[in-house]
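Okay, so subunit A shows up in both of these, paired with subunit B first and subunit C after.
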Partner chain A sequence: MERHTLRCALLSTALLITPFMHAQADTADKTIALSNNYAGNSWRQSMLNSWQQTTEQAVKDGVIAGADSFTTAENQATEQAAQIQNLILQGYNAIVINAASPTALNGAVKQACDAGIVVVSFDGIVTEPCAYRISMDFKQSGLDGMDYLAKRFPDGANVLEVRGLAGVSVDGMIHSGVVAGASKHPQLKVVGSVNGNWSQTAAQKAVAGILPSLPKIDAVVTQGDDGFGVAQAFTAAGRPLPVIIFGNREEELAWWKKQKDANGYQSFSISSAPSISSLSFWVAQQLLDGKQLPHDLLSPAISVTQDTLESSLKGLEKGGIVSQVYSVDDVAQLKSPAPQ
Partner chain B sequence: MNAPQPMTLKKPPAANTVDRAAGGVNRARWLRNALPGISLVVLLATIFIMQPRAMSYMGMNLMLNLAVPIALATIAQMLIITVNDLDLSLGSFISFVACVAATLLNDHPLLGCLVLLGCIGVYALLGALIHSRRLPAIVVTLGMSFIWVGGAVLLLPAPGGSAPQWLQALVKIKTPVLPFAIVVCVVLAVAVHLFLMRSRFGVVLRGAGGNPLAMAKAGWSLLRIKVTLYALAGGFGVLSGLFLVGLTTSADANMALRYTLLSIAGVILGGGEFTGGRVSPIGAVLGALTLVLAGSLLSFIRISPDWQIGAQGAILILVLALRTAVNRLEVRPV
Partner chain C sequence: MNLPIALNRIRSKPWLWSFLAALLVWLATLGFTGGEGAAALTSSALSFSAFFVIVGVGQMFVITTGPGNIDLSIPANIALSAAVGMKLMDSQNSLIALGLAGVLGIGVLVGCANYGLIRLLRIPPIIATLSASFLLQSMAIAYGRSVRIAPPELFYQFSTGRWLGIPYLALAVALFTVLAGYLLTRTRYGRWTLAIGQNMRAAELAGVRVERVRWATYVLSAVFASVCGVLLAGFSGGASLSMGEEYLLASIAVVVIGGTSVAGGFSNVPGLWGAALFLYLLVSMLNTFGASAGVRLILTGVIIIAVIAAVSGRKTLRSL
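Take a look at the complex of A and B:
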């Protein structure tokens, strides 16, 4: 009789557990770590938030056993290399990296690969061949802005280009897109170029400095985190407002909305989504699950148009960036970049 | 904290108390010398408890191989601190060396070697300049730090390059029993200790920091001493940069900027002081290892990133507070 009770207990336990076991993926006992080099601006903050939200849900759903994030204190490659070595030691199955340097982490990344760890880098990518790279097609985003301007100004326009931090690869890529756009649409003339350093105040100062030497400006292409400063500079100089291509920041979109309500201002905005961290998480999870993916992947850019302005602004917190939530299904739609 | 001085100011006590006092001073001095080792052992034990996986050949290698360039940088900084100077350009110098190694040394080995030797020459010249013009070393080296970073950016405008194959192979040597990183640290500590603390010339070098006037009166050229120490520091800086780029396999003009402050912290943690030629090579290497392991420990405990930098500072302050307590023992023996 006693044995019977025990059997009953075991059977009912098994029946209770079974549905949960089915819900779990093959990666249920795996762990993923995020190694991040910097957390000091709004883009990085929303990137970390997006990681946290996605992974918390994934842990709750039993997709993965754990997904911790680690940020280095000083944005230094040597510190991040040491951090990655510690993560190897802690036995994570995959490491997702936003890297301080595209090359200086290669030694540590190789060690991780050799230890059988899946390494996925995004935004700040690493060049070590064994790692996976997810980044936006920055050149295309520069070209998209110019394409929009070509439609707005079929009869030609003077364009001012506001660039990012000199010497950083992303700035070079967006710039090459703008150059490609200028040669594709010969009516668009780039009459000046300044470095806005991806900062509203730096952009405002730089544009205010160059404005007196420029003819009438019809349009400005920016790289993000600088469009609002550009608008301020034009207002302060008493110049007519040009069409500014924005970078999805809340203050830029809010200003755009205000102008739209006041005088029907029209524009276009494009940038990479900070939720690329959650996309990278799913890529790592899929790789752990045994999926085969190419080592270089393109993440989609997010753009805001005249029609989607209100919906994008809704729910966007002050100082935030337009983002989107990625799910595991988005991984299947990722493309590799066209061979150069 | 110039410990022996208050002793001499005291009235000469009775003979037996002198003995007891001397014993106390010795014990305090022993404790002071042992402190860097003790803190390292405590840290290591905590890490092994938190993360047993670290207690293996591979684990130790992973945790400590990036400590070797820091240990070399700490020794370089210690040599400068020996003569009461401070080198604020060390981190950018090491970045520059790494960039040279990833570009020139790889493509034109001969030219690369010449540039690296030239770097040591520049350090020797700096020593001469600082001595003969009586310039504050902090200001001169701060200025040099911009020159080194500028040179590194000119060599390598965007991160990249590739460390020579022989260098990459060298830093990955698998030594039997103990990981290569530990072997290098031990050899480094013992060699510099024998040179600086045991050899006659080493005593002269330290004396120039402790009492330059006396050394000058005894007929030693302070200029030559400074030039020697700066050149040696430059040499260890070059070794640090080479080792670092061997580990990372490619370079970045900003990759080692952090080493300036790390090396100073390592010297002080290891029992060195800013004045008086009081330094300890073994302590300096242990101090560098302590700094690196403190970072690992914080990562293993999974302290939130917002608190990590503060926690790292707290560990430093804790060790320094212990040392101050020991120093007090030394001053006021029981």
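Take a look at the complex of A and C:
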């Protein structure tokens, strides 16, 4: 009887300890691939940099055997689907995807899942249920901008909305936040809307075209990578500068700082962090390690206020975006979005 | 004075259509705002159209040399030239000349590379220039990933400045189009270009140096795109990777709407201005009306088709 108890105790201890002993080593021979659909703007460049830095360190530390990144040339769903099929054949254990389309890759994603591959999508997410999705609450970010403007203009303001690329789901989500903000704060009147395509030059052009027909503009809500172009358009038209809600780009913050020093300009900036790629890497690594996570996860937004402007600009490289470094511990902090 | 002759005369000047379209759109916009902002709208239309016209002239030369000739490397060339130009100028007035020289050098190199792919490797232009554009875009990304270097003050002043409400840039580009028109209709190079576009074999037999003209044409197109890139960077306060994106379709659209024959052999320089103004004013008008993005894109497509249909009335007269 005595010996039996001892054996039981030993066995259960061993069982308890086993998962912890394997925690570091379990993914050491695993490989993760990044399938990315586009690299042609500063956000994507920062995103790829962040992936590279994080994964290089992880490989060096023996957390993972390899983490290669692949970007398609044409930003097309068909091309990316073919790329994912190649990655399946190459035997990666997990594939992290920034997708060209939320639905068009579902077939390839399903094939990957069926092959026992962990699929994590971020930023440009996929709807296939077997994949994991990490994305920012874009609607909330649009609403945050409007909330700030409501505080700045309690007596009402004319607002110009600069939207992103028509037809892309993120544009629709941020726009719905702006619409919600306008109905929540009736004193904010959206008097015009243009598509700036998340490009400084396109935004400058679109805003310059609509400005002559608009009354005095007090504020502009943007979606990121377009605020600097908006400022250029107002300057060129000789109009008083409105409060522009920025998207964390270095050139936008530098311009804000310059205006702040010159005339006390105040504003607010919010965007998703490009280091969401490294967060996704850690999520994939944790899943390979056997952790259970919900399939939908929210990544935090990063905002810059009047008080944090200088500290955000410090150390930010030219052409960069405000970001933050994620570690494996951040995965545990991730929340699921509230059910709609 | 009978009507058919007057009509024929109008039809023989297909560029009138694009100006007419631009004028109508301009009037419609101002009708909506009650005449407010007429000067500001015209001024900004001239600024942005100038960029379309610069790349449009290059694309027009290329398209004129005959079916299949097209330059798809323009957007990537713009992004690369803008990045290199801003880096060379380094925000200093004294380095503007160096920056411009560097950008012109890139234009010549890109043009030669395009032509080399087409001639030496016998790749069709549409594929040659498209693959060249991947190389250029990758170079722009590698070279200019952290570029938002402000343009030198003097260069910025020139790109954004105005004289009596007319942008300097528009004046300069207007002069440039006059020169391009002269080049096309009065010089041997221009006549040869038109001859090649009408019938390459016949032109060759008539003693036209076909390959030399094609080489010059691709180089000119690339140089103009490079110049557009650096000016655009000056205009918008620095270079960005995506700045050339909209110039792929726009460069072709201004050529076609402007009345140049897609089949080659017939170009139209003044039409470029009409078409560029029209394209810019059209989007402004739909924005002013508050049309949603979907409606805007559909209407843009429909109206462009309508204008092209009107312009190509000329073809039935010439009856190829």
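Here is the rule we go by: the second predicted complex is superposed on the first by the 315 of 340 C-alpha atoms of A that agree within 3 Å, B and C clash if a C-alpha of one lies under 4 Å from a C-alpha of the other, contacts with A are read in each partner's own complex, and residues count from 1 in each chain.
In this text, a residue touches a chain if its C-beta (ideal position, glycine included) is under 8 Å from a C-beta of that chain, and two chains touch if they have at least 3 such contacts.
No experiment lies behind these values; they were computed from the predicted model shown.
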> Which partner does A:Ala262 reach: the first (subunit B), the second (subunit C), both, or neither?
Replying inline: neither
> Of the two partner chains, subunit B (first) and subunit C (second), which one does A:Val194 touch, if any: first, second, both, or neither?
Replying inline: second
> If you stack the two complexes on chain A, which partner ends up touching A:Ala39: first (subunit B), second (subunit C), both, or neither?
Replying inline: both
> So, A:Ala73: does it touch subunit B (first), subunit C (second), both, or neither?
Replying inline: both
>> Quick one: is A:Ser169 in contact with subunit B, with subunit C, with both, or with neither? Answer first, second, both or neither.
In response: first
> Touch check for A:Gln90: first (subunit B), second (subunit C), both, or neither?
Replying inline: first
> Can you list the residues of subunit A that meet both subunit B and subunit C?
Replying inline: 39, 73, 167
> Hey, which residues of subunit A end up touching subunit C in the complex?
Replying inline: 39-42, 45, 73, 163, 166-167, 192-195, 197-202, 204-206, 208-213, 228-229, 232, 236-237, 250-251, 317-320
>> Residue numbers of subunit A touching subunit B in their complex, please.
In response: 36, 39, 68-74, 76-79, 81-83, 85-91, 101-108, 110-111, 127, 167, 169
> Which residues of subunit B touch subunit A in the complex?
Replying inline: 51, 53-54, 59, 62-63, 65-66, 69, 153, 157-161, 244, 247-252, 254-259, 292, 295-296, 299-300, 302, 305, 308-309, 312
>> Which stretch or stretches of subunit C touch subunit A in the complex?
In response: 29, 32-33, 36-38, 40-41, 44-45, 47-48, 134, 137, 141, 145-149, 160, 232, 236-238, 240-243, 245-246, 280-281, 283-284, 287-288, 290, 293-294, 296-297
